[in-house]
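What follows is a pair of complexes built around subunit A, which joins subunit B in one and subunit C in the other.
The block that comes next holds the complex of A and B.
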């Protein structure tokens, strides 16, 4: 699973979702923290596609991506998407590599609100809930 | 998009999809039927003719063996995510992706489909999923399973949803789609082959009449018929 997908995922535990929204528009159970096992991250260089990079940029939750990149220590992103970013090839390439080239193969996704761990095995996060979590 | 004729594009894509292996342990309660390569090719090329695949973020709900996800990726989708509740199906999907060297271009998520869509939609910002493509259960084993998939898809608020349903349920589903805030039309009628995957099937091969429904947030363009023709059918 790549960060472009992690950027979408949020905790599914009902009690957690019900209490995650904050008055200032925040959402406490997001983004899920990427906690790789030793050697659990895989880096695969994918061919750069400028069209995809441009279309993905406004669709990313930038604050969540920035937080995840910092936690992983893989990139220091600016607080906001810089003006003119969509025509800055270097910037597009770095974001593209960040969201498409880093694969979490083995590890966990941790909810920052309730602490629920979603195990990731062979690159597939297991988001299934127990009965008492629904 | 290359300059190949529609017929040639179907043929090429079908050739890729014919290597997608069916469910190794199909589960009747989940109505896991293999989507035929020909059907998947036609669905994706039709979606492609509407501009809903190349470069787009595409989510395959109830992806099973990843047939539609693979077809989407083969048609140039930028981001492809397959979601399924069944671990065995996902293992089949992963193995299909590896065989086609697509394992780094399609992400799989093990999740109940409704819970996935509703939790993603809870985030403060919309998910930015452009296209949902799904071959849901037809609801013959679990009543309402087809509608539940459509509702989950609509919760993600994509620009467009492609969904396969039994033709006999068309009027009902078009009405439900409107209630979900989508404009819906049947853009193709197809025969869904049912191979003898389950012991209770008496006939070795049958098929069921299905519609490809296309749900859009905007009223459908008048060009649909022309687009369907361009997709080769």
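The block that comes next holds the complex of A and C.
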């Protein structure tokens, strides 16, 4: 699983969703914290695709990506998306490499609100809930 | 029937890499779904693939130049997908529990032969209506406003179709049902085509949408013709509802039959009331008599004991015996 997917995922536990909203419109259950096992993080270079990078940039929750990147210690991102980032090929390239090339192969995704762990095995997160969590 | 996660086990999953027929059919349906999503031309989009399985539909998305994320409930199918080296990310997730994505994540969604699984209660805790509602509500949430979802389904009967389209309408989707090859038993395919929110996409696709609106008039006319000629007893065709397909016009080709979902028009109710009234006065009596005579003839041909025909044969009994 790559960071672009992690940037979209939220905790689905019902009790958590019911209490996770903050008054300012944020969500306490987002982003899921990436906790890789030893050697569970992998870097695989993929060919840069400028079209995809441009379309993905406005889609990303920048604050969440910045937080995750800092926690993993893989990149130091500016606080906000710099102005004119869409035409800055170097910047696009670095963001693309960050969200598409870093794979979580083995580890867990932790909900920061309820602490539910979603295990990731062979790069596939298991988001299935138990009956009592729905 | 076994639940999806059991049905698509190792042996079934292997077919999706070895059987060229399955691969072919899946790829065709995936391409049709992509066509029905009517993405703005020239844009690289981010697509959700529900029930991605071994990633056959994902390959179609990748070849069209889109990035995608897939979900599936069968770990075996995902394993096959990993072995094939799918270009998108995959998640193990049950769509009946809701899709675990934040609001406005995707430019569109496709699904090939997956959504009908929601209609079955395969576990004691499963309530199909609740699962279908949870699925469509979460799908609506994770799509961008104006984004489209094209879901290919294999409904077992009209009730399932009704259940799915009613739940989609309730979640806020507009759109309708496209039936490809309506007169073929084998090639007939149902596509639920849904638009999240208003017809206007919130990104630079306004031009594409207005072009779709212009083409809608012609397409709606063509589809109304084909629906009246096709004798498909399962579906209710309503000319009034046909107008509700407005923005979807461009996505429909003449090979498809378009049925808009939505409330039944008042004229439909009128028709049904009239036909019920006719039933009561025995307007179909001659047909009943012929049917009885035909059945008796069949019994005689088989050599079974049968009463001889008389003027009373096939008549209604008096309401009450006094």
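Before moving on, here are some points about what is shown:
We adopt the following convention: the second predicted complex is superposed on the first by the 134 of 134 C-alpha atoms of A that agree within 3 Å, B and C clash if a C-alpha of one lies under 4 Å from a C-alpha of the other, contacts with A are read in each partner's own complex, and residues count from 1 in each chain.
Convention: contacts are C-beta pairs under 8 Å (C-beta built on N, C-alpha and C of every residue); 3 or more make two chains touch, one makes a residue touch a chain.
Here the structure is a predicted model, which means the values were calculated and not measured.
Superposition note: with subunit A as the common reference, subunit B and subunit C are in steric clash. In the superposed pair of complexes, A:15 makes contact with neither subunit B nor subunit C. Once chain A of one complex is fitted onto chain A of the other, the partner contacts of A:51 extend to both subunit B and subunit C. When the two complexes are superposed, the chain touching more residues of subunit A, out of subunit B and subunit C, is B. In the superposition on chain A, A:70 makes contact with neither subunit B nor subunit C.
Within the superposed three-chain model, A:89 lies out of touch with both subunit B and subunit C [touch as defined at top]. Judged by the touch definition given at the top, the superposed model places A:26 against subunit B, while subunit C stays out of reach. Once chain A of one complex is fitted onto chain A of the other, the partner contacts of A:131 are limited to subunit C, with no touch recorded for subunit B. Remark: of the candidate stretches 217-225, 253-261, 271-279 or 289-297 in subunit C, the one overlapping subunit B after superposition on chain A is 253-261.
Subunit A uses residues 1-2, 4-5, 8-12, 27, 30, 49, 51-52, 55-56, 59, 61, 122-129, 134 to touch subunit B in one structure and subunit C in the other. Residues 43-46, 65, 67, 69, 71, 73, 75, 78-79, 82, 89-94, 97-98, 100-102, 105, 107, 125, 142 of subunit C are the ones touching subunit A in the complex. Here subunit B touches subunit A in the complex through residues 55-57, 78-79, 81, 85, 90, 94, 103-105, 107-112, 115-116, 119-120, 122-125, 127-129, going by the rule given at the top.
Of all the residues in subunit A, the ones that touch subunit C in their complex are 1-2, 4-5, 8-12, 27, 30, 49, 51-52, 54-56, 59, 61, 122-129, 131, 134.
Those residues of subunit A whose C-beta lies close enough to touch subunit B in the complex are 1-2, 4-5, 8-12, 17, 20-21, 25-27, 30, 44, 46, 49, 51-52, 55-56, 58-61, 103, 122-129, 134.
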